[in-house]
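Following this line, the structures themselves.
Here come two complexes built around chain A, the first alongside chain B, the second alongside chain C.
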Partner chain A sequence: MRRALQLLGAQLRVAALTSLQYRADFFADGVMSLFWLAVTLAPLLIVFDRRPTLAGWTFPAALLVIGWFTLLKGVLDGAVNPCLVAIVEHIRKGTLDFVLLKPADAQLLVSTSRILPWRGADALGGVAVLGFALVKLRHLPTAGQAAASVVLFLAAVALLYSLWILAVSIAFWVVKLDNLVYLFGSIFDAARWPVSVFRGVFRFLFTFVVPLAILTTYPAMALLGTLTWRTGALALSGAVVFFLAARLVFGEALRHYTSASS
Partner chain B sequence: MRALAPARRALRAFPTLLAVGAAEAVAYRAEFVVWLLTTTMPLIMLALWTEVAREGGPVGGYDTRDFTAYFLAAFVVRQLTGVWVAWDMNREIREGLISMRLLRPVHPLAAYAAENLAVLPLRLLLCLPIAIAALVAAGRGHLTADPLLWFAFAAAVGGGWLLGFGVMSAIGALAFFFEQSLAVADFWFGLFYVLSGYFVPVALFPAAVRRVVLALPFRGMLGLPVEILIGRIGRPEALSGLAIEWAWVAAAWVAALAVFRRGVRRYSAYGA
Partner chain C sequence: MIQVEDLQKLYLVHRRPPGVWPALKSVLRRPRETVRAVDGISFSIAPGERVGFLGPNGAGKTTTLKMLSGLLHPTAGEARVAGFIPWRREADFLGRITLVMGQKQQLLWDLPAEETFELNRALYGIPRAEHRAALAELVDLLDLGKLKSVPVRQLSLGERMKCELCAALLHRPAVLFLDEPTIGLDVSMQAALRAFIRAYNERSGATVVLTSHYMDDVLALCRRVIVIDHGKLRYDGGLAELARASRPEKLVAVRLSRRVAPADLSRYGAIAEGREDRVVFQVAQEALRDRVAQILAGLPVADMTIEDPPLEDVFRDLFAGKKG
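Take a look at the complex of A and B:
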C-alpha cells in the first residue's frame, strides 16, 4: 500500500513537471473549457427559458448537476482520457510489455501514466458553476450536506475510473479501438441532466447499467439535502462493486494480452 | 479538355476506391459499432425533450410525437452525413503517411471522399430498422407527403455530407501548418452541437438567435434535412434553406482545396 502511494506520488510529480514545460497549454485548455461549458449550458438555458421546472428540478438546482458534471469532466479529460488513449495505443503496438515488466501493479501504472493537469481547467469552471447555483438558490449547505456531496463525488470519480478500466479491457480483445474515447465521452454526456428527467428504458439504463445517477445527480441532491441516507449508501456500495469488478476484469483481460513478441 | 483529365481519372477510380472502403468498414466491425454508439446523443435529447413536452404541453410547436420524429430523423441523418476525414488526415500528415497518397494519380481529397462514402451502405443497414421503427412509432403523418420535398431532402442530405466533408478536410489539412488542428475540429463540433439542431430544434431558439442560425452553415448539416423529412417546413423555406446550404458547400470546398494545395507545398516529410 505504501509502495503504491509512493508510486502515485512519483507519477503525479512527473506529470506536474511535464505540464510546467507547456504553460501555454493552460490558456488554450482554459479557453476550450469555457467554450465547452457554454455548449453544455446551451440546451439547459433553452429548456428553462420555456419552463420554470423540469421533472421537479428548477434552473439553479439543475445548474448544480451541471457543476458536478463539469468538475467530473475535468477529471475525465485531465486524468482518465489521456491514460485511456495511452493504454489502447500500448495494446495495439504491443508496447504494453514495457509496463508489465515493471515490478509494480500494472493497473496502477497504466492508469497514472499520462496525467495532464492543465486539462483539469474544467474543474475550476465546475466549482464556479456550483458556487453560482448555490447563490441563486440562496442555500448554504450544512457541513453534513457538503461532506456527503464530497464523499459522493469521490465515489463518482471511483465509478468513472472503473467504467473506464472496464472499457479499456475491451481493447485487449478488440485491438483497433481508437474511438473508445468518443464512446466514453458520449455516454458521459448524458450525465449533465438530472437522472429523473429520463423515463422508461433510459431511466433503467442510466441508473443500473451505466449509473449516471451516481455520477452527478446524487452529489447535487446531497448538496440540496434531498438525498436519503439509503440512496447515498446504495450509491457508495455501487461504486465499490464497480471498482472491484473493474479490477477483476482487468486482471482477466491482461491474461488475454498477446504481446509484441509472443 | 486537359484540365479535366484529373477529374476524369478520379471518377474512373472512384468505384474501386468505394469497394476498398466498404471492405475496410466490414473488416473493422467493432470500431464501426463503437462509432455508431457514440452518436446516440439524439436519442438522449429525444428522451429529454419528450419529457419536457409531456410535462407542460407542446414547445415551439413540437409535441412529444413531433420530438420523437425529429430526433429519430436526426439520428438517421447524422449517420448519413458523418465523416471522420479530419482525424485520418491529421494522423497521416503528422506521421508522413500522406506521402503515399500524394504519389497516387488520384487527388487525395477524392480518395478520402471515397473512403468516407464507402461506409454508408453498412451504416444504412444499421439505420434502416430504426428508420422503420420511427415510421411506426411517430405515425406516417410525420413524414412529408410532398414528393418534391423528398427530392429536397435528398439534396439537403447530399449537401450536408459535402459540407461536412469540405469543412472537415479543410480542418484536417490544417495539420500541414500546425499539429493541433484537431482542436479546431473540436471547436467546430461544439458549435455544430448547439447550432445545427442536434441538441435543440432550430425552431426553439429565440427569434433573434434563430435568424443568425439560419444563415450559418451548421443547420444545413442536420436541422435542414431533418425538418424537410418530417414535414416541418414547406417548399419555399426548403428552397431558401437549400440555397444557403449549397452556398456553404461551395465555400467549404474552395477552402478545403486551397488549404490542401498550400499545405502540400510546405509539406516536408521524408521523401516528399
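Take a look at the complex of A and C:
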C-alpha cells in the first residue's frame, strides 16, 4: 500500500509539473468547466420548470444527483479519460513497453499515466452544487449520512475506473478504439438523472449492466438519508466485484500485448 | 547470465489480397496464417559479454529481445535472464534489466529529462543517495550537464538518445538490451554512444546485447555475434571467424601512378573493383604474401592497403545462404 501511494505521488508530481508547463490550459479548462456546468443544469431547469417532481425527485433533490454527477465528471475528465486515451495510444505505438518494463504494478502505472489536474475544476463546481442543493432542501446531513455518501462516492469512482479498465482491456485485442471515449462519455451522461427516471430496458441496463445508479443516485440518496443499508451494501459489493473483474481481465489482456514493431 | 533454449514466437496474421471484394469477404471469413517470428533458437551469454544480435529486417531480433526483457510471452521454449524467467515480470527481474529502443522513447516529452530521471528513481525505488551517485556518473559519462534541464521536445535526436540511455541505466541494470540505439544519429554522435556503451560495460561489468544495422557499431562493440534470419539461428560465434569463414579473401587496394590495361591487371588476381587509377584485388589469405610482392614488382604502385572484406558483404553472403 505504501509503495502504491509512493508511485501515485510520483505520477501526480509529473502530472502537476506537466500542467504547469501550459498555464493557458488552466484558464481555458476553468472557463470550459463553468460552461459545461451550465449545460449540465439546463435540462434539469427545463424539466422542473413544468413539473414539481420527476419520478419522485424534487428539483433540489435532483440537484444533489447533479452535484455528484459533476464531481464524478471532474474525476472522469481529469484522470480517467486522459489515461484511457493515453493507454490506447501506448498500445497502438508500442510505447506501453516502457510501462511494462518498470518494476511496479502495470495497472496502477497506466491508470495514473496522464492526469490533468486543471480538468478536475469540474469537481469544485460539483461541491458548490451539492452545497446549494442542501441549502435549498434545508437539510443538514448527519455525520452518518455524510460518511455513507462519501463512501458510496468512492465506490462510484472505483466502479467508473473499473468500467474504464474493462474498456481499455479491449484495446489489447482491437488496438484502434477511437470512439471509445465518446461511447464512454455518452453512457456516463445518463448518470445526471436519478435512476428512477428510467423505465423498462433502460432501468435494467443502468442498474445491472452499467450500474449508473451506484455512480450518482445512491450517493445522493445516502446524503438525503433515504438509502437503505442493504442497498448501500449491495452497491459497495457491486463496486468491489467490478474492481476485481477489471483487475483479472486487465491481467489477462496484458498477456495478449504484442507490442508494435520497431 | 542469459540462457535461451528452443525459444519460439508464432503470430497469427490475417492476409487478404487487395481490392474491395476481398475486403468484403474478409469481414465474414478471415484466413489466417502462422508467421514464425522466432523459430526455435538457443544460445547462452556469459556475464559481462557484449554480443551483437544481428539479422536483416524482420529476422526476429526485436521479438527475441522483447521476450528476453519480459514484454512478450513466447509460444514455446525457455529462457532465463539473470536467473529469472523474463515473462513472469517479477519486480526483482525488471530491476536488473533495461531495454533501450532507438525508435521509441520513455522520456516525458514536455518536461526536462531530469524529471524522467526523478520519476524513474521513484518507480525503481532507488534510494536518494544511490540515485545521486548514479546520476552524477552517467551525467559525466554522457556529458549531459546542461541538457538534462532542457525540455525534451527541444533536444536533438542525439541528445534525446543520450538522455534515454541515462534514464534507462539509473537503476544500474546488470543486463542491457539495446535495440538499434544509434539509429538515425549522425556519425559523431554514433561514435560517442559507442564509446559510452563500451565504457559502461567495462566499468559495471554489465552484459550487453546489441542489435544494429550499422556495422561500425558491431565492429566497435562486439567480438561475438549471434545472427538470426527468418527466426532461425544462422551463426553464433566470433565476428572475425565469421568474416574469415564467409569471405576468406583479403582485399588488396592499389592506387596506380599510370594507367594499366585491364588484361595486364587480371594476371594478379580477381578484380573486385576497378577504376582508372585504383584497383582492388581479391586475394586468398595463403597467397597474400606472394601476390603482394608480384603486384609491387609488376605494377606502377603509388599506394597500397590490405583490408578485410566489409562486414556488410559478409552478412549479405550469410543471408543469401552462401556460407556460414
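Going forward, the second predicted complex is superposed on the first by the 260 of 262 C-alpha atoms of A that agree within 3 Å, B and C clash if a C-alpha of one lies under 4 Å from a C-alpha of the other, contacts with A are read in each partner's own complex, and residues count from 1 in each chain.
Following the convention adopted for this analysis, a contact is a pair of C-beta atoms (placed from the backbone, for glycine too) under 8 Å apart; a residue touches a chain by one contact, two chains touch by 3 or more.
Source: prediction; values computed, not measured.
After overlaying the two complexes on the shared chain, residue contacts for A:202 are found with chain B alone; chain C is out of touch. Of the two partner chains placed by the overlay, neither chain B nor chain C lies in contact with A:228. In the superposition on chain A, A:186 makes contact with chain B only, not with chain C.
In the superposed model, A:14 lies in contact with chain C only, and not with chain B. Contacts of A:51 after superposition on the shared chain: chain B is touched, whereas chain C is not. In the superposition on chain A, A:102 contacts chain C only, with no contact to chain B.
When both complexes are overlaid on chain A, the residue A:6 reaches chain C alone and has no touch with chain B. Of all the residues in chain A, the ones that touch chain C in their complex are 3, 6-7, 9-11, 13-14, 17-18, 21-22, 93-95, 97-98, 100-104, 109, 255, 257-259, 261-262. Listing the residues of chain B that touch chain A in their complex gives 28, 30-31, 34-35, 37-41, 43-45, 47-48, 51-52, 55-56, 59-60, 183, 186-187, 190-191, 193-194, 199-200, 204-206.
Looking at the complex, you find that chain A touches chain B at residues 28, 32, 35-36, 39, 42-43, 46-47, 49-51, 54-55, 174, 176-180, 182-183, 185-187, 189-190, 193, 197-199, 202. Interface residues of chain C, counted against chain A in their complex, comprise 11, 62, 66, 69-73, 89, 91-95, 97-99, 101-106, 108, 110-111, 115, 118-120, 122-125, 151, 179-180.
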